[in-house]
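What follows is a structure written as structure tokens; I'll ask about it next.
Lettered A, B, C and D in written order, each chain numbered from 1.
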Amino acid sequence: METSSEQAKDTQRLEAFSDGVFAIAITLLVLEIRVPHPEEGETLTRALLHEWPSYFGFVLSFVVIGIIWLNHHTMFKDISRSDHSLQILNLLVLLSVSFVPFPTAVLAENLKNDDGRLAATLLYGGTFTVMALIFNAIWLYASVGRRLLHEHVTQVRIQTRTRRSALGPIFYGGSLPLALISPWIAIGIYTVLALLYLIPLNE
Amino acid sequence: METSSEQAKDTQRLEAFSDGVFAIAITLLVLEIRVPHPEEGETLTRALLHEWPSYFGFVLSFVVIGIIWLNHHTMFKDISRSDHSLQILNLLVLLSVSFVPFPTAVLAENLKNDDGRLAATLLYGGTFTVMALIFNAIWLYASVGRRLLHEHVTQVRIQTRTRRSALGPIFYGGSLPLALISPWIAIGIYTVLALLYLIPLNE
Amino acid sequence: METSSEQAKDTQRLEAFSDGVFAIAITLLVLEIRVPHPEEGETLTRALLHEWPSYFGFVLSFVVIGIIWLNHHTMFKDISRSDHSLQILNLLVLLSVSFVPFPTAVLAENLKNDDGRLAATLLYGGTFTVMALIFNAIWLYASVGRRLLHEHVTQVRIQTRTRRSALGPIFYGGSLPLALISPWIAIGIYTVLALLYLIPLNE
Amino acid sequence: METSSEQAKDTQRLEAFSDGVFAIAITLLVLEIRVPHPEEGETLTRALLHEWPSYFGFVLSFVVIGIIWLNHHTMFKDISRSDHSLQILNLLVLLSVSFVPFPTAVLAENLKNDDGRLAATLLYGGTFTVMALIFNAIWLYASVGRRLLHEHVTQVRIQTRTRRSALGPIFYGGSLPLALISPWIAIGIYTVLALLYLIPLNE
């Protein structure tokens, strides 16, 4: 009983800390949007509209981090205990999450720029690929041999989650070679993935 | 019993994450206020006073986010469970909340500027209109057919909350056409709404 | 029973939100310290040392916010319930806390500057005076007639807390006219107050 | 019973506040990485690669703060109560944690710069030395005479933690004179320490 309650507290503080990092990273994204200073003869409206890549990047990264948070959230409902390796893997996923404002800012600043668009897209997609890979590593580490799972988690649920988790690296990783054909394909994939998620599905 | 406690935890982590985003967005507002660098012959006092639109924007946005937080807080006392759609709607309201520092900075920088004041006001009021609309969507989604409500929530309380929630879109949305006559009317409405809320009413 | 547990949760979320704002405001202070860019012939060491007012402001504001957080923390141990007025007063104290990074940056930038030092000190001390006044208002509102207090709080404890809370406005408010004689007197008072608090006393 | 539950709540809010500061400090690190603006004839890829010291500093400081958080986390599992001195010591460790983004930015900006590298390394290593010293002070204060420890903490566990805590000041403090020979030695030590920690050990 004592052990079980101590472990519960353990996952709880890890989750609370993770929530903190997710919440901060998602809210810091807004700092990437610069207050526009209209040039001679330009209206503020025009200057604001001119910054559409910043709004796009803000919304896209917000939704992706939000999705990762939700997945993190539901995944940890199935995980009953933590150990050193889980803590480290979780720290690495938080590292990639807290990095997101940087590639977002780079993408926003180079989306309209033919020279930098490809590099910015690869940095952006690459960040999400790494994040998705670490996310998978957490799940595999916790679920293989039911190492850290709650007893009530069914085998079917494990398989479903394993399959769904694999989609992240496949789509984000797969977008990278496609970006070489055209960065817009990759950006289109990220947008569609985010929109798909927003559609309510049966849980 | 198990299901109920699991669901309780569910809303709890959603609320904790939301609190985090609210707390960060409200505290990031201060970054919008620039440290003044007095020009030749100008005193620091004068330079500080010169920045009044930044203080005004800071306080106004702080109070509005604070109000939204309080409403979010009391609304979720009536909501017992969450599902995917509620999570998504909540994510969208957090998206609008975390965006607030940007229109606040734009408004503060253009309040004294005849050319940009209208666009800045529309951006500012528009952000709050969208936020209020999503906020209503959360409540309607949770309350219609008592989908996600606690059993102890009375029908009268549902109706009161539905009516009160509708005031946000009406006032913020209604301010937008009035801003076309003069941005100061809209800004006056936002100020009065914030002040009204600060007055203690019977709960 | 139900009401009591619901109210407990109420204060809990208010405290959690407040903790969030305190934690963010205290951590944002570091953004005020600029990375120095040594001028021609200047070493980085010298450029770093040259920024001492930024370190001083960082540490001083950190300690003051830390103290306010600790006081907030212990005060809310005595408060059992919240109502609209308490929420609003608490929001106002958070408003003043989240504002602190701005006067801190202004003070740091003007501490070595004879022209701006007085105005910067008055802004800094004025912010803490307002914060201390609102803090007192919270306590008086909660404690007069034992409006929102736990039953177990003794009359002696109420009086002690009332007396101790009054020290904030007295010292911070009293520093302001003294700053007119010399800003260094006021800055000395803030420093001594912070140091005094760090000394462990009987609880 | 009442006292015990009150004290539990006490440590809990201290831990929650600390988690907040850790989470924010660790996430603010990303703000140190500047969006590159390629010069004439330079590609974005090259400009991005050119910023490697910023990525290095980001990852290194992220891992170190993450480690400190984990240690803080496990240490407080053994601490059952808090008092004023513990609160103050904890505040001081948070002060050093929240300071980290500054030496990280200074190091990142001077790592490629022969003139500033030593001073930047000393500032960076010095910050971690101070942090490790305060961290030790917390543990010694709590553990000497079992002042604030849970009853279930064994004597062996106390000794293990005391020995392990002492490693921080030894390695970080010891790196400082070595930096005088070459800053790269100190930077190598910080890197190896971070990597060592990431390797899963028996708990």
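Following the convention adopted for this analysis, a residue touches a chain if its C-beta (ideal position, glycine included) is under 8 Å from a C-beta of that chain, and two chains touch if they have at least 3 such contacts.
The model shown is predicted, which means the values in this text are computed figures rather than measured ones.
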item	value
Shortest chain-hopping distance from chain B out to chain D	2
Same or different residue numbers at the chain B/chain C copy interface, by half rule	different
Distance from chain D to chain A - Cα centre to Cα centre, in angstrom	25
Sequence positions of chain C contacting 2 or more other chains	16, 20, 24, 28, 31
Chain pairs in mutual contact under the definition given at the outset	A-B, A-D, B-C, C-D
Partner chain A, residues of chain B touching it in the complex	2, 6, 9-10, 13-14, 16-17, 20-21, 24-25, 28, 31, 83-85, 87-88, 91, 94-95, 98-102, 105-106, 109-110, 115-116, 119-120, 123
Chain D to chain A touching residues, read off their complex	15-16, 19-20, 22-24, 26-31, 33, 35-36, 38, 43-45, 48, 58-59, 62-63, 66, 69-70, 73, 77, 152, 197-198, 200-201, 203
